[in-house]
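Chain lettering (A, B, C, D, E and F) follows the sequence in which the chains are written, and residue indices restart at 1 in each chain.
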Amino acid sequence: MPGIVVQNIARAAPEVIDGLGQCGVATVHEAQGRTGLLASHMRPLYAGARIAGSAVTISAPPGDNWMLHVAIEQLQPGDILVLAPTSPCEDGYFGDLLATSAQARGCRGLVIDAGVRDVRDLTEMAFPVWSKAVCAQGTVKNTLGSVNVPVVCAGALVNAGDVIVADDDGVCVVPRAQAEAVLKAARAREANEGEKRARLATGVLGLDMYQMRERLAEMGLRYV
Amino acid sequence: MPGIVVQNIARAAPEVIDGLGQCGVATVHEAQGRTGLLASHMRPLYAGARIAGSAVTISAPPGDNWMLHVAIEQLQPGDILVLAPTSPCEDGYFGDLLATSAQARGCRGLVIDAGVRDVRDLTEMAFPVWSKAVCAQGTVKNTLGSVNVPVVCAGALVNAGDVIVADDDGVCVVPRAQAEAVLKAARAREANEGEKRARLATGVLGLDMYQMRERLAEMGLRYV
Amino acid sequence: MPGIVVQNIARAAPEVIDGLGQCGVATVHEAQGRTGLLASHMRPLYAGARIAGSAVTISAPPGDNWMLHVAIEQLQPGDILVLAPTSPCEDGYFGDLLATSAQARGCRGLVIDAGVRDVRDLTEMAFPVWSKAVCAQGTVKNTLGSVNVPVVCAGALVNAGDVIVADDDGVCVVPRAQAEAVLKAARAREANEGEKRARLATGVLGLDMYQMRERLAEMGLRYV
Amino acid sequence: MPGIVVQNIARAAPEVIDGLGQCGVATVHEAQGRTGLLASHMRPLYAGARIAGSAVTISAPPGDNWMLHVAIEQLQPGDILVLAPTSPCEDGYFGDLLATSAQARGCRGLVIDAGVRDVRDLTEMAFPVWSKAVCAQGTVKNTLGSVNVPVVCAGALVNAGDVIVADDDGVCVVPRAQAEAVLKAARAREANEGEKRARLATGVLGLDMYQMRERLAEMGLRYV
Amino acid sequence: MPGIVVQNIARAAPEVIDGLGQCGVATVHEAQGRTGLLASHMRPLYAGARIAGSAVTISAPPGDNWMLHVAIEQLQPGDILVLAPTSPCEDGYFGDLLATSAQARGCRGLVIDAGVRDVRDLTEMAFPVWSKAVCAQGTVKNTLGSVNVPVVCAGALVNAGDVIVADDDGVCVVPRAQAEAVLKAARAREANEGEKRARLATGVLGLDMYQMRERLAEMGLRYV
Amino acid sequence: MPGIVVQNIARAAPEVIDGLGQCGVATVHEAQGRTGLLASHMRPLYAGARIAGSAVTISAPPGDNWMLHVAIEQLQPGDILVLAPTSPCEDGYFGDLLATSAQARGCRGLVIDAGVRDVRDLTEMAFPVWSKAVCAQGTVKNTLGSVNVPVVCAGALVNAGDVIVADDDGVCVVPRAQAEAVLKAARAREANEGEKRARLATGVLGLDMYQMRERLAEMGLRYV
């Protein structure tokens, strides 16, 4: 039943979180076996934002943003709010007042499978948001939800304290317990990519660099 | 039956219209009881535009932009074109030639539950558009529609002469007769919000500022 | 059956291709009888790009980008990659490594009825992309598709060597054999539009300039 | 502001309502100048239902079905409930208990731009429903809406007391004041169609029956 | 440019067409290398219909069904009408009068990437339809399209005279020149499937029947 | 990383599973605090099916149904297959051969957030399916997924061995550990509903039966 606020959640180490943020969504998603990506309808409000932080999760009824006020009290510097409505909704749960409050608590951004408003203000404040919609539709404060319970947000399971990575490519969640291992894998991947990029830039083909020709021929690829 | 052009429509007072534009969509929508918002698929062609004006409405057949030419003659300086197709359509009804013509008549922008084209030109001309789609698909001029009749545009009823407010958050319609009252309510709301923002910025919680704790407890919220 | 790579495709003359690119999507689409437009969900990754080139087509299985590596070998300077998945898919088939490789071969851009990732890198590289989605979801290299076979991409038939024109308004395909004739028609149209624009800017109405009043009256339009 | 229940609404004459129901949605929609149709996402729960009645309208918050209980008290025999959420929602506002209650009051059916549940029961009860979705998601009773105020339901304006016609083709609204005239036009149309159908069944072509050949030639149609 | 009617199209042999119809959509689609399927939004109006026939294609403007009248004259017994709008449209292009006329000419059904109406009548007439939508929205007869030109319908290229196969699984197009070869492959596939079905029904696993275990192990599948 | 098959999963007691099936989706969803519902796009292939069983979960790549063969070996009588693609896909993963095989192992049905084909056969076999789409598009067997790992299917988290309940209202998942408690709550709810239904059928209003009038008045509802 809704109506629960879990306090004192565990978080990953700050240097791990920041490391994952530097790697970015595509690399982190690959590094953990192509899992954890939120659906592609989650788009940034403005281009160029790139964040990582610990998830403070919110399960909220459609058209009711009461739990956002409750969740903001649970924020610690470096956290990211993650809101999943209990049924599909595009209303504007979040605007400049809530952003001001969250930013004052050290919040790094919002990931919401619903709508936000006050786009101009949020952009000027440089408060990053990934959302399903921009929508000015107001919400009420009449029905309970929960804070820091597990939620499915845009198709991905998010537990409180999981690491959220978000940039222009979308949003990815890394389970807290795997964060350190994923960071290690992501960094290895990055090192590897730099070298590949340099070779490709000279005109070397992926077909040769990855030695694909033989396997393509075995599979039956025909040049005509 | 279609085929009607209503001339000499009534409009709200210019200072009321401009006042509503300064308040913006989210505030105006709240000030009139959370009504009047167009659906969230109505997005601005470019960021940063913020307008208000009197609606010159167009009911147009799918894929036929003839009535836009008829409507432009009805424009007065400060007006906004509002086009609703008679069935869902994403064709490009409007481009740089029509924008040039509308701008020459003092038109402040276009709200269209369909498509537009010549995006680069419209952006360079600073002619603001809120639309359902960008689409280069051409239209014909073979079938009548109507001008300045009531239309349902993106889910909202718009009468000719109603006030349209549009910004990065979307589009809102204010019935002409209520425009002055809504402006008053919107300004009161704005004044109130400035104070709240300042307090939230210092770290005061909404839970305390809005005195929500008692009601949340009554509703059964549990901290664990 | 998939698994075919057609080599040595014919291309239109470079000056025809570049001429079509200068005319832009809306004009070219009109000039060839309002045909050839890809669906409006094909949006540019960043504003302002404007390209034309010869199509190197790719038919790829959902979630499998192997054929992109095969296609890149077929690129000649001035070409544009056009990828159509064999069933609807939003996965991120293409990112900065493939873009580096394609750019090294002189490729002018990518048109893909699926997803791309590494948005920030692609934007910094100024590698233009029109896609259905931005999505970091990784792909595999396990199943054959084909290169330079006819594909239906976002609702439009594209043959290898056809001319692709893309800008902020979307994407249009011009059959290679018609490219020269379409360019001629497009230029005639452009010349004509400049004159019209100038007249409309002075306040002349389309109703008068296009002599629409008589036909509107015949159709039964009534002013009330 | 929401929170209003309008009582004692006017209704059209029963024989007019029933006559419109016999004509069906397509004919009625044509007879009133191709207006009044709700969006095509409004589908019947089961095939074969065909009703007409007076609209008792409901404006309800997303995920909150409290106002349905309020509206049921306003029902008179022959009425149809018409619910429009204040923002898009697919939750299951209505199931077998509410249907039992509405049916006990003589209600002929429900038109809802949201979801319903208990599909098996509603079908067995022969309580007709046209909805946007089937969805078991429960709703709450915490926030006010309004009853018998004008609503935009699935893109069409519905005033309390308007005539609703619904069948396998969808849903159409006829403004109360025009109901009698529309019925007359619809019956004329029906009479006319019977004759046409008989001629077409013998193999006579529409091209000849409607004398289209000349106009097609004038427009430039070429047979090759 | 639109405005063309191609007469005297070539058709596949009747026994080939009927053979493909007996095989059904899924088998035919597989037999021609998993190509030719129309998008999955093309749904039958009623369950159980299963047809095959020669395509008489129609390219029609949005909201204008004039060309259907032109196309019906081109029908020969055993043909199927295939309509693709020139831009996305859900209007009701086709109803019981046109179905009566088409049926009188021996038409076997309609495939339309748009809407139809008079669902009850079409079902009673047993006139099969696969469409994108059911929608009573009326259309006009003001703008030319073309008949028997190549169209892209729901994402698949259809040439006049191609074989259309449609059943509860959707719609598939077979290029006329390949129809005989595809039928042969489809029948071989069917024979093969009967034997497999019998073995699977006894509890034999696909893993064993298709000898998949070794390859799965090679790919790294782990049982835990 | 994908490529894992978990064997020997725990299941709920058969009488608990069957009890939940008798209660149905709407009641079970309410009984567990309005959680566990899959998204409303999951629709039954044919009306009237009503099942419950233990989830055997499948995480499968887009367009690749290899893991279904692996999963069928893990089925025990009374199980339900639950397939979630790793990215959105509507291909036809499942048809009559796989259904024959699953049915031979005692499988009660399939829940798949993707497409199925052979609709006619599946209906005749009375093999119940809830899916996102009907689509004949074929799939390959080239890439590994996993079996009996946690999946998010249509927005709901499903662990292997959880109880799946599905009927005409959709699909609901009950975590295995809570199944017995949820059944108890569901039965209490059902008993309660029977009594309410009887009273409502006599014309008693919900407003009175649930004693809503006072609270509505407090909230400010006005009758005019």
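Going forward, a contact is a pair of C-beta atoms (placed from the backbone, for glycine too) under 8 Å apart; a residue touches a chain by one contact, two chains touch by 3 or more.
Treat the numbers as computed from the prediction; the structure is a model and nothing was measured.
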{"item": "Chain hops separating chain F from chain D, counting only touching neighbours", "value": "1"}
{"item": "Joint neighbours of chain F and chain A, given as chain labels", "value": "C, D"}
{"item": "Geometric centre distance via CA averages, chain C-chain A, whole Å", "value": "31"}
{"item": "Geometric centre distance via CA averages, chain F-chain C, whole Å", "value": "42"}
{"item": "Multi-partner residues of chain E (at least 2 other chains)", "value": "34, 86, 88, 90, 135, 137"}
{"item": "Topology of the chain contact graph, where touching chains are joined (line, ring, star, complete, other)", "value": "other"}
{"item": "Touching chain combinations (by label order)", "value": "A-B, A-C, A-D, A-F, B-C, B-D, B-E, C-E, C-F, D-E, D-F, E-F"}
{"item": "Residue ranges of chain C touching chain B (in the complex, touch as defined)", "value": "24-26, 29-30, 34, 37, 40, 43, 47-48, 50, 167-170, 172, 193, 196-197, 200-207, 210, 212, 216, 219-224"}
{"item": "Contact set on chain F toward chain C in their complex", "value": "61-64, 86-91, 135, 137, 140, 142-143"}
{"item": "Complex interface listing, chain D residues touching chain F", "value": "3-7, 46, 66, 69-70, 72-73, 90, 92, 95-98, 100-101, 103-105, 115, 117-120, 123, 133-138, 141, 144"}
{"item": "For the chain C and chain E complex, residues of the former touching the latter", "value": "1-2, 33-35, 39, 86, 88, 150, 152, 155-157"}
